[in-house]
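Each of the next two complexes has chain A plus one other chain: chain B in the first, chain C in the second.
Presenting the complex of A and B:
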């Protein structure tokens, strides 16, 4: 029987999870008014949670809750115990903030190290991180996890494509952590220049930010002569490497000793039976600074309860390409269409802009393309001003969303 | 007598420095062919260094040596012991690389923590780091040092000016680590918008990257209602916080238990007596991965051997605004004029471009302004192509130098 999956271990693990959940809920209830009010509004106290399943009694947290309690309203420890503050674009005007204590950082470092190790990374590896600015927080976490394993880490830096390729080749990188968008861009760049992947020492690419289909994985592996591994993470909260593929590549193992997963029906909020596809909901089991209770990720997944051939004790999920919310994923960064419409309205100064949004390629990189219908409100300005307005709007949205934005004007719809 | 400066302590410290120097030289000689050859070419072995002063027998290292041994030729440990690899723009076509072992990282973390602590930073502080992309390595080091102190660290991220100000205010930042260029830009931005520094919780600003005169310090302190502290560092090698101001603000204390300073005549290479201004030369005393022996910094300084009123045992230097080399400092980043001319030649494809270089302000940020004389070689193209050529040249230089570059064409010189 594979290591770590015998019944006693499983019972121990379930007991550990329950104890951690109860401790998390106690701390959240005691230290965070937001959580206490939610318990009270359901006539509950943490004592009502006597089993893992009892978590279903509690209400969900949404992305918007993070912005509403900006900046520090959801922290469950005094600010002096916080040693790192990460900022991510929020769902409103205000960014969402996550905080870490020293103990939190150590746990996340270990989880990232575990996830890297599951892909075969050791102290013999040279690990290069290439993530867009919007995922800089993950870059720091991968650096910390890689260092803990003793790998030689080349931290994230905003190098151009050709410089990144130079570093990949000259530094003899064995493991690249990046997004699908960048991996594809890199591949195209190499083939256009007739460079061969054999010039590289690359053994594996770890893709983060969005689920990648088997066909795309196969194609990339064939073109780059490297194995592809997927990691799942959240940019708003604790970090990357919440789930990772093992050598069997049959779903992603969730680090469920520290993060409790549930699958719900996104329409009704009902918990779904194991094996059914639905929205992934996560509860932190050890985070001290920023506990999350039933956080709706918007990501769609299916839990796989059968033991994995690799012997890992961690439950698996199949990460699905659909979404339970209106977010688009651009270069691995989540962009809310609803929020984008709000920013667009503000930047243009008109009440109800009519537009379509899609993910496009702009000079090789992924971008948000907005097709804006030219209506009378926009025509009240002269064309010269309109051009200027489009320029400042693109800049403002690019900054607020953390991804490149380009606006195309189109005639009225038929 | 202030703590740590009695004769016995001093003798102990000198003995410690000598032992560390000898150990460094032994490792460099044994593990790095570059260093061994230099010893041999002077008919020396590490045994010839029996006192700290004997270091004068050894040749200097220059910035160019880093590029010549790209990528890993100067590492004194096997790659598997390296856990972090930092890249900085080099002096040639190739970047300069620094490496760290786990032990190196711990020492640097402690040195940064020591330097922050000397400015009064504690676990009660909220420390925000705002550095340009070219100083991203320092950003990581300040984050690590701040976390070690238990401060709440807001890591470096590429936010716009207005977002950075929002974070400063809303997150209640008490300590800002940044460059002079950014501190000035921030101040202008606030005053243009009639925001008052009393809206902020800012207690201190730590300036890095270039020496700042007393007049500028006074002016900034008055406008921002915060104390200014200066730190000295090198971007190519181990890191920031090699030297720091104490509460007396009379020079910067060099962490000379880990870095040995000398002052030389930049023209002759002769060691100068204490108190004389000259070029600062540094030797690492504990770095395992990348030992530097008599590294010429190009920075001008004067050592102050009198004990400091603060009681610190670390020797002080006055950091002077002149330079011993042709580098310009743009937003805290060193830019070689000679190297810039080489890049310019390559990008323009002409043999000997005639130009002037100066530090300018471009949309509020510091940039390298190049005034290029329009000569016949450039006129062989049509004007339309010339514009395109200027655009691609600006982009290429901006990328290679790590600072914004703008080119202005001018008529032939009289």
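Presenting the complex of A and C:
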């Protein structure tokens, strides 16, 4: 059995989850003032959590909390214990920082290996990782997990499309970890150049970053002659492969021995009964450096309680395409519209820029398209100045959001 | 095999264990580590029926241990090697072993007891040499071996060891840990409470870290061995400066 996939019965797993939840809460309460205050404001101590369901007594944690406690305010261990620091775009004008201890990295490596193994990846595979800069953190995690399985890993590197295709073909890649946007771009590129997918040794593509509908999966599988598998992850912590598809391809198995899922009504915050669609809320059960307690992901999902045909003990979820927040997913990277507006304001130097945002295709890849109303505050009779302002704004937004940004000016609204 | 949920133990108004949950599966070697006063021994006393009042749930092989007397817990399959050995000093080594087989004699399993004598004496040859000697005259390491052998005479399905390395020379400690590892390899399920965190985790499958009566960490032994919290729990050190010289 590969790491972490030992079968366990339900009672054992429930006990393990409770043990891990309780010690996570003890550590969070003891070491993180943010968590201690939240317990105290509800007149609770971690001892009040005697069963998994008791977690409902605790308040939610939001993405904004990570920014408010920038950079290290939510760490539950001294900085001395942190061996890796990651940055995610965050929500306001501050990024979200996450940290990992040695033990965190070890556990996470095992979980990524488990998720890869569930897709059939073994030490006989050649695993190529192609993720955009904004998901570079995940690239490192997939590299570690793949290496643990003994696969030959081609780590994430910023290559051109044709070079990536060359590596894919010549290095006999069997498994590609990438985003939907890139898989589509790659397919178009191959077909434009009349390259046949049979030239590749590709057996499977693992798509990360956003839910993909069955139609798109079918289309990609037919065009690339490879199976598509989906993985779910968080860009904050702990990382990718929180949930993975199994051979039955009916939902994603959540690694719920390390991450506790809940589904809530995004409007009221009420926990919803199993099987109902709602916002996915996650609590880390083994993270040392940065425990998340009832973290609202903004992702919509439905938990599937019926056992899976594959025999996996891990609970499944159906990952839904709608969202509970204002985020857009561009090349698998979550982009907050609220945060984009903050950056836009800063870059343009005006108080309330009027704009629309959409996901667009730019030179074959996905980008954030901003249609900006050219109003009096922005207008300049020097076209050159305006062009320069748009150029610097695009550059600043691209840097801060981790996705390509293009701005189009439009007339005043009627 | 052993499942503990939300265990609370108090001595009068002082609470030693604050809602601890832990589990031991069949065939596992589990270590509980923590500094002095972390609540390790209180937890074991509750498991073995030696603590009168506790709240929460303790179940062994799906049966609750609530209200069970220590002898009935031994009969259910849990034997303890207590802290400080607690051998019967005025009795001979052989008589100490016979005392360990008390429940077996009660079950009229004399032939089985003879077999067990052979087994423990071949496991601890030094005890064969000292068979007629008074237990109180043995060295510390020999006494520890006797305490383990005595516990094994009850044919436990779960062997509970409380600080087996305490007060022993490093060389003897290594030997005791080797013995514990051998027992695990022979299929005995073991719950080991130790202050010697590194040594205990090296032979354990999983471990739990107790701090002032609360469970603060658990995980596979390899995860805990790289964890800085383990060092702190073992040494009883508290968090110093958060930045601790970094980034300055």
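Keep in mind that, in the parts below, the second predicted complex is superposed on the first by the 404 of 414 C-alpha atoms of A that agree within 3 Å, B and C clash if a C-alpha of one lies under 4 Å from a C-alpha of the other, contacts with A are read in each partner's own complex, and residues count from 1 in each chain.
Here is the rule we use: a contact is a pair of C-beta atoms (placed from the backbone, for glycine too) under 8 Å apart; a residue touches a chain by one contact, two chains touch by 3 or more.
On a predicted model such as this, the values are computed, not experimentally measured, just so you know.
*Asks:* State whether A:388 touches chain B only (first), chain C only (second), both chains, or neither.
*Replies:* neither
*Asks:* According to the stated criteria, A:18 is in contact with first (chain B), second (chain C), both, or neither; which is it?
*Replies:* So A:18 only meets chain C here.
*Asks:* Touching A:79, do we find chain B (first), chain C (second), both, or neither?
*Replies:* After superposition on chain A, A:79 lies in contact with both partners, chain B and chain C.
*Asks:* In the overlay, answer first, second, both or neither for which of chain B and chain C A:171 touches.
*Replies:* first
*Asks:* Look at the residues of chain A and decide whether chain B or chain C touches more of them.
*Replies:* B
*Asks:* For A:102, select first, second, both or neither according to whether it touches chain B, chain C, the two together, or no partner.
*Replies:* In the superposed model, A:102 contacts both chain B and chain C.
*Asks:* Just chain B (first), just chain C (second), both, or neither: which does A:143 touch?
*Replies:* It touches chain B, and chain C stays clear.
*Asks:* Go through the superposed model and pick first if A:160 touches only chain B, second if only chain C, both, or neither.
*Replies:* first
*Asks:* For A:26, using the defined touch cut-off, is the partner it touches chain B, chain C, both, or neither? Pick first, second, both or neither.
*Replies:* It touches chain C, and chain B stays clear.
*Asks:* If I apply the document's touch criterion, which positions on chain A are contacted by chain B in one structure and by chain C in the other?
*Replies:* Shared contact residues on chain A (touching chain B in one complex, chain C in the other): 72, 79-80, 102.
*Asks:* Report the residues of chain A in contact with chain C in the complex, numbered from low to high.
*Replies:* 11-12, 15-16, 18-20, 22-23, 26-27, 30-31, 46-47, 50, 72, 75, 77-81, 101-103, 106-107, 286, 288
*Asks:* Taking the complex as given, what residues does chain C use to touch chain A?
*Replies:* That would be residues 3, 5-6, 18-23, 25, 208-209, 211, 214-219, 222-224, 226-229, 239-247 of chain C.
*Asks:* Please give the residue numbers of chain B that touch chain A in the complex, ascending.
*Replies:* My answer: residues 70-72, 79-80, 82-87, 94, 97, 99, 102, 105, 123-124, 126, 133, 136-137, 140, 143, 146-147, 150-155, 157-160, 163, 167, 170-171, 399.
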